[in-house]
Structure formats: C-alpha cells, structure tokens
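Letters A, B, C and D mark the chains as written, and numbering starts fresh at 1 in each.
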Amino acid sequence: MNSFGEIFKLTSFGESHGVAIGGVIDGMPAGLEVNQQAIQHELNRRRPGQSEIVTARKESDTVKILSGIFEGKTTGTPIGFVIENNDQHSNDYENMRSLFRPSHADYTYSMKYGARDHRGGGRSSARETAARIVAGALAKQALAKYGIEVFAYTSQIGDIKLEKPYTSFTSTDVDKNVVRCPDDDTAAKMIDLISKVKASGDTVGGIITGVVRGCHVGLGDPVFGKLHARLASAMMSINAAKGFDYGMGFDGVNLLGSEVSDIFVKNSDGEVHTSTNNSGGIQGGISNGEDIYFRVAFKPVATLLRDVETIDTQGNNVILHAKGRHDPCVLPRAVPIVEAMAAMVIFDALLLNRVSRI
Amino acid sequence: MNSFGEIFKLTSFGESHGVAIGGVIDGMPAGLEVNQQAIQHELNRRRPGQSEIVTARKESDTVKILSGIFEGKTTGTPIGFVIENNDQHSNDYENMRSLFRPSHADYTYSMKYGARDHRGGGRSSARETAARIVAGALAKQALAKYGIEVFAYTSQIGDIKLEKPYTSFTSTDVDKNVVRCPDDDTAAKMIDLISKVKASGDTVGGIITGVVRGCHVGLGDPVFGKLHARLASAMMSINAAKGFDYGMGFDGVNLLGSEVSDIFVKNSDGEVHTSTNNSGGIQGGISNGEDIYFRVAFKPVATLLRDVETIDTQGNNVILHAKGRHDPCVLPRAVPIVEAMAAMVIFDALLLNRVSRI
Amino acid sequence: MNSFGEIFKLTSFGESHGVAIGGVIDGMPAGLEVNQQAIQHELNRRRPGQSEIVTARKESDTVKILSGIFEGKTTGTPIGFVIENNDQHSNDYENMRSLFRPSHADYTYSMKYGARDHRGGGRSSARETAARIVAGALAKQALAKYGIEVFAYTSQIGDIKLEKPYTSFTSTDVDKNVVRCPDDDTAAKMIDLISKVKASGDTVGGIITGVVRGCHVGLGDPVFGKLHARLASAMMSINAAKGFDYGMGFDGVNLLGSEVSDIFVKNSDGEVHTSTNNSGGIQGGISNGEDIYFRVAFKPVATLLRDVETIDTQGNNVILHAKGRHDPCVLPRAVPIVEAMAAMVIFDALLLNRVSRI
Amino acid sequence: MNSFGEIFKLTSFGESHGVAIGGVIDGMPAGLEVNQQAIQHELNRRRPGQSEIVTARKESDTVKILSGIFEGKTTGTPIGFVIENNDQHSNDYENMRSLFRPSHADYTYSMKYGARDHRGGGRSSARETAARIVAGALAKQALAKYGIEVFAYTSQIGDIKLEKPYTSFTSTDVDKNVVRCPDDDTAAKMIDLISKVKASGDTVGGIITGVVRGCHVGLGDPVFGKLHARLASAMMSINAAKGFDYGMGFDGVNLLGSEVSDIFVKNSDGEVHTSTNNSGGIQGGISNGEDIYFRVAFKPVATLLRDVETIDTQGNNVILHAKGRHDPCVLPRAVPIVEAMAAMVIFDALLLNRVSRI
C-alpha cells in the first residue's frame, strides 16, 4: 500500500516529524552509472525554503543512500535510502493533537486507524514525496540512457494561464524562474498572484503540465495497465491533486471525431508518425512514439494563514489559530514531483515491455 | 497486466472476435447471496443494439458463470465466467489486417507485440469491458449489503451540459432515457446531438459523472493507494477515457483555499460531516463518509462512418472505407462501465480496510 | 490467491463438480507458435482412467482455448481456457454434504468460508491441477525455444526406491510405464505395490523427482525470490505434497562442508561448470547453469476404499462408507503436474531475468 | 523481488558491508503496542559473536526504527528501520573481488548482474536476515494478541538427532543452551560435534523444527496460497536451506493412508480436534487449529576455514586462502530466523483471512 510500480518499485516510509523519511527502490537493473549529485539536485528543487513563494520551513533534505550502489553503479539489489527530518519543531503541533483541520487528512486518518501522528500531518504530509523524488531521479537517469526525457512545468496558477502549448518548451526552460512556468511573462503574473494570495493568508491552486519526449513505441499494457491509467494513478497519488487528463483531455469532449483523429504519416526517414497528436502519444494504452503530454490539477491547499473554524476530536467547535510556515501554492514545488512520478511510470513500463515478445 | 484490484480482483481475457471473452473474479468473500438476473441486467445496459443512438451490432452478451457460486451463494473460491461472441462477422474485418486505423490501437499493438488480432480491434475492443460489468455487478451486490450505492450518468455530450449538480439525482434516475442523462430536457438535447452526429458519419465525446453514496469512513490508503488514485486508474483504463477529476476537480484551480475548505460540523445525531463537499468525499486519500463524486472525460471515438486516410502496415497511404456498425457516441453504454469500475474500487477498498487495525 | 507467477501468471478457477474448470494465463509473450496437440497430450498424462493403477473416473479433460492465440501464435494477450466437467455424478456426493472426511479439506473449508461445495472436494479437488497442466504445457513450449527442458518421474512409492540418480534419465524415459518411473524393474515393483494397496482399499505415498536441463545461468532472485523458494512454493501447492528439497537436500545435513562444496572448473570450451552438483543447479537462489533437481514428497491420500470413522458438521460420530472411484496412489498422475509447475517457475524466472540489467 | 508477504509485507535492503541494512514493514495494522526491547532481544539471538560455536564477528545489530510507531503504538503507516553495519573490515575481502568462492553466490550474482558487491557476500550474506528478524519480532507481538505462538529449535546437527517429538517442548525451552536444542543431553552432543568440526576448519548442517501453537482455524488459501506453500517459500528463502517438510513430511511416504488419517474427535468442550496430527495442523492448505509443525534442512555452509581450490573471474584456477570469521554451523543463529519467517507467514495469513467472508 506504500509501494508504487510493478518492476521498478518504490516503497516509501516516514512521517514528516518522525526521525526520518526514506524508501527502498527495488527492481533497478544493474549497471546504471549513478550521478548522486543529480539526485540531490532534484531534492533541492522540491525542498522547502527555496524561494519567497513557498514555505519558509528549513529542511536540508539530504539523501543518504544505504545500499544497492557499489563503486558508482547500481548492483541490481535494492537501493535503501533515508532523508533525516531536521526541522521537527514537534511542539508547534501540540495544538493539532486534539482537533481535525478542515480539508486535511486528520479526520480520515483518525477514523481509519484509531489514532494518528498529528505532528505536521504525519504520513499525510507532502514531505513523503521527497522519497519519490529520489526514485524519480534514478528513473530519469535510467531513461536518459534510452533517449527519453521527462519534464513538467506550471501551466496555470489560479486564473493565470500559460497560453503557449507544450511544444514551445524544453526541459531547460522549466527552472528559469521560481514558479517553474517556462514563459517569463506569464511566470511574473503567477508570482505576483501567489504573493498577493500569501499576503492575504490564503492559498491558490493551478495546473502542472507534464511531457515525455523520446518515448519508445510499445510502452504500456492493453487493458488495466494502460500507460495513461498508470500515469493517472501516479499523478492522483500526489498530495492536493484533484484531476488528470492527457492528450486532448477534457477539452476534447466538445469536438467531433473527424476533428481529432491523428492521421498517420510516414516521414522521409520512413518513420511512422501522426500529423497531429490529440492522442497525447498513447493509443489503446500503449505509447506510439509521439510526445506524451498530460495535465494535473492541484487544489488550493487547505492550510491557511488565518484562523479557521473546525471541530476537535470530541466534536466540539473550536477555532484553529494559524501558525507555522506553509506554502501559499504548492505548484512550484510539485513540478519535480510530477516529473519524478512520470519518470517512474515510464521507466517501469519500459522494463515491463521487455517481456512482451518471446 | 490483465488484472484489476488488490483483494477483490478481476482478471479478464478475450478478443472481440475470438470464441469468447470472460474473466475470473478472485477474492470475492464467501456467503454473498448472488442475484444472477441483476448481473445480466447490467450486461444488458452495456449491450450493443439497445437503442437508436448506439451501435446496431447484435450481441446477446449472455454471461455463463462456471464456478465460485454454489446453491446461490458465493463460496469464497474464484468465480470464472464466459460470454460467448455471437456476432463475429470476422470477414468484415479482413481489410483491417494490413492497415492501421487512425487514433486506434492497431499501430501500437502491432509494434508492441509484432502482430495483432485485427478483427474488430481484438483485445483493444471495448467488448472487453463486458467482463468488468460482471465483476462490477457482483461488487455492487456486495456493497448493497453495506449500504453503499454506486451510480453514474451522462453529464455532458459535446457542448450540451447538464447544469444540475449530482446532488439532484439518485440511481433510479439514470436509465430514464437512452442517453442515461437523468434530466429529461437535457437528455433530449443530447439525443438530438448524437443523432445529428451519427447522420453525418461522425462521432462525439462527453463526460460521465460518477457518484458513491453511503461510503463508509476510512476506505483508501494514505499514499499511493489513495482512493481517488484507485478511481483514476480504474476510470482511465476504460476505452476512450481521456480525463478524470473528483470533488472540485479542474474547476477548483481558480478558487482560493478559503473558498473551498470543507468545514466540519456535527449534526444533531452526533455524526461528523462537512458543511460543503469540495473534497469530493475523500480527504488525504481516505473516504470521509460524504458522497464521493467524480467525472470522466471521453473522447469522440475514432471509428467514423466515412472514408479516412491512413497508412497500411508497409507505410503506404491508403483510404479506409467505412463499414461496419459503430457507436456515434460511447457514453450511453459507458455509464454502466463507469459504475462497474467504481464499484470494484470501492468494494476492494472496503475489504482492504478490514486490515487497518489490529 | 488463485494466481501463480509474477510475469507469466496463471489464475485458475473451478470446482471438480461445477460446470467447468479453467484459467487465464497472463503474461505469455507474443509470437510463440503454439502446438495445441501437445497441450492436450499433457492433459492426457494427468487424466483419470489412463491405467489400472489410477482412478477409474472418466473425464475427457478436453481443453478449449478461448483467447490469446491467433493464427497459431500467441498474441501477448491473456489466454483464457476452459475444461468442461463431464463426469459430474454430483449425487454420489450427497452424503458428503454434512460430514467432514478425515485428512481432507472439508472441515477447514467449512470453517474458513462458512460453507463449501461438498461435491467431490469442490475447489480442493486435484481436478484443479488440470488448469496448471495447460499453463505448464505452454511454458514448456516456450522453454523449448531457449533449449530448456523440464521433466519429472516417480522415484519412490512406499518403500520401493529408485536407486539410480537423476543423471541416468532423460525426459523420454518417463512415460515408458504407467507409474512413470524411468527404470522398468523398479517400476514393476512399484506397480505391484500399488495394485496390492488398491486391492486392500488403502493408499500409498511416494516421491517425485524433478529435473531442469539446459537452464540458463542467472534465473532467480537473491532474497525472497530464490529460484528454489519459488520451486518449493510451486511444489507445495500441489495437492498431497508434504515435503520438498533440492540438490543434496535433507541428505546433506549429515555431511561436512568439505564434502559437499561444488568446485568450479573450466571445460575445454571455456565454459564454467562445477565438478559436482550438490548445489542442485542453484547457488544463492540463482541458477548456475548446472542441472536443477529436486524432490517432492507426497502423502498417501486420505480417501480410502473402506469405511472410516469421522464426524458430521454437527460434531456427531458417523461412519463414512466408501464409494466412488479414487486413486490408490497419486504419483503417476502427479508427475505431469510437477513438470507443469516447474516449467511455469522456470519460464517466469527467465522472463523476470530480462530486467536484471540496464 | 525483495518483498515478502501479501498484506503484512517486509521489503528488505542492504549488503553485509555497505552502510546499513534495513527494511520497510508495510501493512502492520494500527494500534499494536510495541515492545522495542523484545525486537532487540530477537536480534540478539541472531547476532554474531553470541557463543563459542558461532562466528566471532562483532556486530551490535542495533535496530533504529524510523517511522510507523508513535507514542508506543503502531499507526498503520509503514515501519522503516535501519541496522548499521559496524564491523565492515571491507579490506578483508579485497581478495574476493576477482574470484568465485565455491558453492557461494559469487558466480551466479556476477553472471546475473554483470558485477557484484564482493565484500562479505554483499546482498547474498545472511546478514540480510536481520531485517527479517525485525519484521518477525513485530509479527510475533501481533500474534501474541491472538494467542498464537511461534517457536523453533535445532532438532539435528550432522548425525546427532533429537529423538523427542516437538510435543515435548515449549518456546521457553529453546534458549536453554547455545545450540538451541531444547534437550540438554542432545544439545551437549551437538555442541561437541560443532566444536570438533570447527577445530578441523570444516562446517556441518542440520535440521530446525518449527512449531506454531494456538493457530486459529481457517488460515491459508485453497490453491497456490496454501499455508504450507507459504511456509515452504518462507523457509527456502533462508540462506543455506535445502529442504522443507511439514506434518508427516518425507517420513509419510512409506506409510499407508489408513495409518496416517487424522480422525476427527469432539472434545468435552465441544471443540473439534483430530486424534492424531499427521496433517501437521494444515488440511487442504488451511489451518485446522492443531499444532503446525515443520522441518527445515540446512546444508553445511561452504565457507571453510581451510584453503579451497576455485577459479577467478577469468576462469583461472586459484587457491582461496581461508580467513575471516565464519560459522561452523548456522543452525543456532538460524533458529530465530525460522521463527521470524514463520511468524510473518502466520500473521499475514491471519490478516488475509479477515476477507474470507462477506
């Protein structure tokens, strides 16, 4: 229940204010030369405190790899790793013990398990996603060997939309600014909006677009393991995600079949392509070699910097006084998480595809 | 790869024009009194030829249960079943053998497996979903024991939107008309649109809304097995699905956190509820006892009743002449499939929840 | 719970006196040319009524394949199949309904599930193994492509032991006689013993030896998925199996490490081998290229052709009067089952090994 | 591939001479009060250096739990833990880099993965089993809540056999002496034998008997998940295990069915039992409430304290000069591992059994 993947599989553990979080990556094939700095770089992209528009919490998020890599290469054995929790401030959360924050997991965890680690959300904290970043960073390095690149970017914050299509951008455009929108003008508007929302003690949501370039033909399975079903599951498992679509997605429902069919063409090299890509690079659940692109909707998160009404564990009405340091908008830090989960899905599908023919 | 579920698990098999399709349902607990007519009723809701706005193909879709039910009750052993393919007309498809239909799975299957059963889409045909209907019908019957009801309905066709919220409807409203939109006025417009699209040899997409009422608190798992991630995976595994969202979904991205927080309230019976339900009945991946609601976007399907350009397996340009009998819009027949997949997810989560406490 | 395998996976269904038994084989790669007669041949080797020393029940055990094979080749999609139950005689078993046969599964099934299909053992009947034969036969055909051969034979019945080692035999020796002991002199003694035991209304156990020749180096996983752990699980899942060992097995406990070390040698072709094979072809859970050999102990089955004391479902003492047609010794018919399960394990491990390196 | 269990699942990681070993225990239900000292106690029973008859290596084997336990109780979230490797002495193993020790995993790992961590066996070292001890200790604590006890003991070393049956002993007898044979006279002979073998630089094998007392009726699944198949897989995954049997086991093959049937009796409390227990507490794969007992055969391990011939990675003949500190007999330290694996299997089956009825 805390594992993701079929062959390339992450099992994560850890609460936000326990000793450490971490995980085990099973199924990484042997022989991959690992760039450990690149893993840390991805963690730094998710790290709190990286800019003015994200939470001011300080966590170094330093990963320590415990096994599975020997003399710089993967050995085929499981890769265990830990990230210590430095900034625990557990006492900050004592007032959370006996109340349920609205639109959080406090109530549901307590009802399911009979109790919960109330400090900072415990297991429901987005801190857990740091473990996914580690696995995703390794998946990215493996995919690079096969010429496959995964990237994501912020394409909407509140009502500020990036109008340019994904085809306008490459992975190198993502980190040009702190909101991770590859168009600087739109980014400036987004940053401005987040700053205002933050100042008012509120939060705002948005959309992240993910892209997979260079994906081989044949990844994904026909029925339940459709590549986009795997991506949907991956994306919807990210904290605050509320929606997923791919290719023409929700926008396609207004169109006619004759408007959206992707006609096959053979290019001058004899390669088969489609002249349009409404399918989003996946047909019948299997990649067709075109770019895969998808969107993930994130809600405005529930932790406000203002007082909110709620109930305590006895059902009494109480006022939750805001304190702590929170993200007014999770998207800038969620971009690398979307990338990580997508990379895990694609690499897993690539490995699974090795057993599709005798 | 052809299985769905953790405890309550369907493994399906079968091509649209092979001998039969079918499946094995493993993990159905013992002791459920089974209404076999109700299973057939659900199959009839998905069956081709049921109205003027769906394909005219004739399949009786009669399920034959081979095991796992004894003297009217489930025994705890696997339930094997088959549905014979009556209307095979395989020769109709001989022209498909050597070409790739646009926006279909023909190309990707061929590339992945080196060959394919080209007759009517083979395994990629939506005919496979009949097996899901059987498993879903059993899950529905099990859920009814726990007071949980799952239903779905057509909420958009092309640009015709049902404006009333899901709270206006119950399961008994769904089958009032052939398009399965519970509001008759909107349904009439939808039927009209589909008829026009059909007449022009084209296809149209839309949105299905799914609802789970009476869901117990505590279903779903914290991280990768979030209840909405399971639903997303289930829905995106349905043929022609392009998007999924739940609760406020994509519409929530424009709103502020302060606008969407679901405040907890205690009702007169001492039960905890939320005064609004932007969360869609799931918080932190776990059901909170409120209604679960979600949307699934379906594309206009690619099989047109007009000639289309495409390529053959050698890469030559060819014209695919329309023939056969196809759905101008898949949504009316997809409603029971959405219900079936949702029922499977919820029942599986209910069983899994039995091991959450010592 | 009714599935076996990781990649190449059989899910079986069916009770001995229901409509049919069958299964779904998922994960068979595309492109294997299938010899359907060879599948039926394996079923015939397991079939009741094949000789004087096995049960006289008549079942044609004809397999009907429903999907996954097209124009003589596997397509990569799941292979569904059924075997109808012809010789149901359900009324023969009416007296079983309310009593628990000693050393059978009647009591435990009833306690676990609250009820059971009492006819002929229902799901606990060895009839279920016919589904494994089908999957095993396909695995054998796939393994043959890789030069790997799996066979098994009866090496002990009661106290009649075959003294010659497995190295004396090949797969062609197995079916020389009805007891499936490859040495005719020993076989004659075994047949004689079984005949006497049968005449006295009793049953007798024995040992089956399994062999894998031509196994590639590298199959199996280091820790929980050791190749011999997979074989042990496979063999112990066969009805009436009570023990498993491999290589030197239980006999090795009396020996010293210096006596049993398998020294590596390089042969004239430059291939690495071991000069002895006490390891049984597996070291550290991974195949080393030598022959794999193992033993499976089978108990004398509990269904006697004489009256036995037992209790009914109310706990009253009753006498169970023998009737029906039963095997005095299951080993002759269990030989193909051991082969089938071993073939499934080895082929699955071969597929899994494709993801061991980047 | 490095996970064990269906619901209660351990994923282990770590090489013997890496930074640390550890694991993640997923599926532990919430609400279990955890005795951390008892976990450490079990680790101490497996620890090197605990007596004269085991390896003199020094490892403190101190477990550090990182998550999943809050204020003394399990929370239902995954339990991550690490055990640091203190006594690394990696240079001791430099000579192992380029050679393959006979009857070890060196050759097979290298062939499978293209390389290996050669230090002390890396992942193939029995050091990995410390992670299983942690999970097993938690399973034992959970089972105690249900009145179920798991224990194991040394029943044979070389040709010194304990003649008394398992019914003579309880869990408190196991640790009376360093060889963990509950009969002091037999234990003295075993210790003497191991001492002699050690003095000669050799190793010796033996048999461990495992017992489960108080097991509820109904654990285990009918077909592939038979309780004894799960136990077999568990036991055969332990380093140096070569064989497994349960109940009458291999000894039953010489007996007649009429001699071994376990007749049901109703005792004065109205409980159903069997008058004998040749079935070993499992019938049809499902526990019947009687004691479960089984045997595991261990080979004399291959690491001798004398020079042995072998080949290097180039295939040249070389002499491996003994050094390091090794176990002349693994059984005394394997007893807690057998217990741990059995506890994991039984607890997992107990949880799975919660979904057997509607």
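In the analysis below, contacts are C-beta pairs under 8 Å (C-beta built on N, C-alpha and C of every residue); 3 or more make two chains touch, one makes a residue touch a chain.
These figures come from a predicted structure and were not determined experimentally.
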Relative to subunit C, chain with the most remote C-alpha centre: A
Pair with more cross-chain C-beta pairs in contact, given A-D and A-B: A-B
Distance between chain centroids, defined by C-alpha means - subunit B, subunit D (Å): 46
Distance between chain centroids, defined by C-alpha means - subunit A, subunit B (Å): 26
Centroid spacing, where centroids are CA-atom means, of subunit A and subunit D in whole angstrom: 39
Subunit D residues counted as touching two or more neighbouring chains: 1-3, 12, 27, 30-31, 76-77, 112-114, 123, 222, 356-357
Subunit D partner contacts - residues on subunit C that touch it in the complex: 1-4, 12, 100, 102-109, 111-114, 123-124, 128, 156, 158-159, 197, 202-207, 217-218, 220-226, 228-237, 242-250, 252-266, 270, 272, 274, 278-280, 282-288, 297-304, 306, 308-311, 315, 352-353, 356-357
Sites on subunit A touched by subunit D in the complex: 1-3, 11-15, 18-24, 26-27, 30-31, 64-68, 70, 73, 75-80, 82, 112-117, 122-123
Subunit A to subunit C touching residues, read off their complex: 7, 27, 29-32, 74, 76-77, 142, 145, 222, 351, 354-358
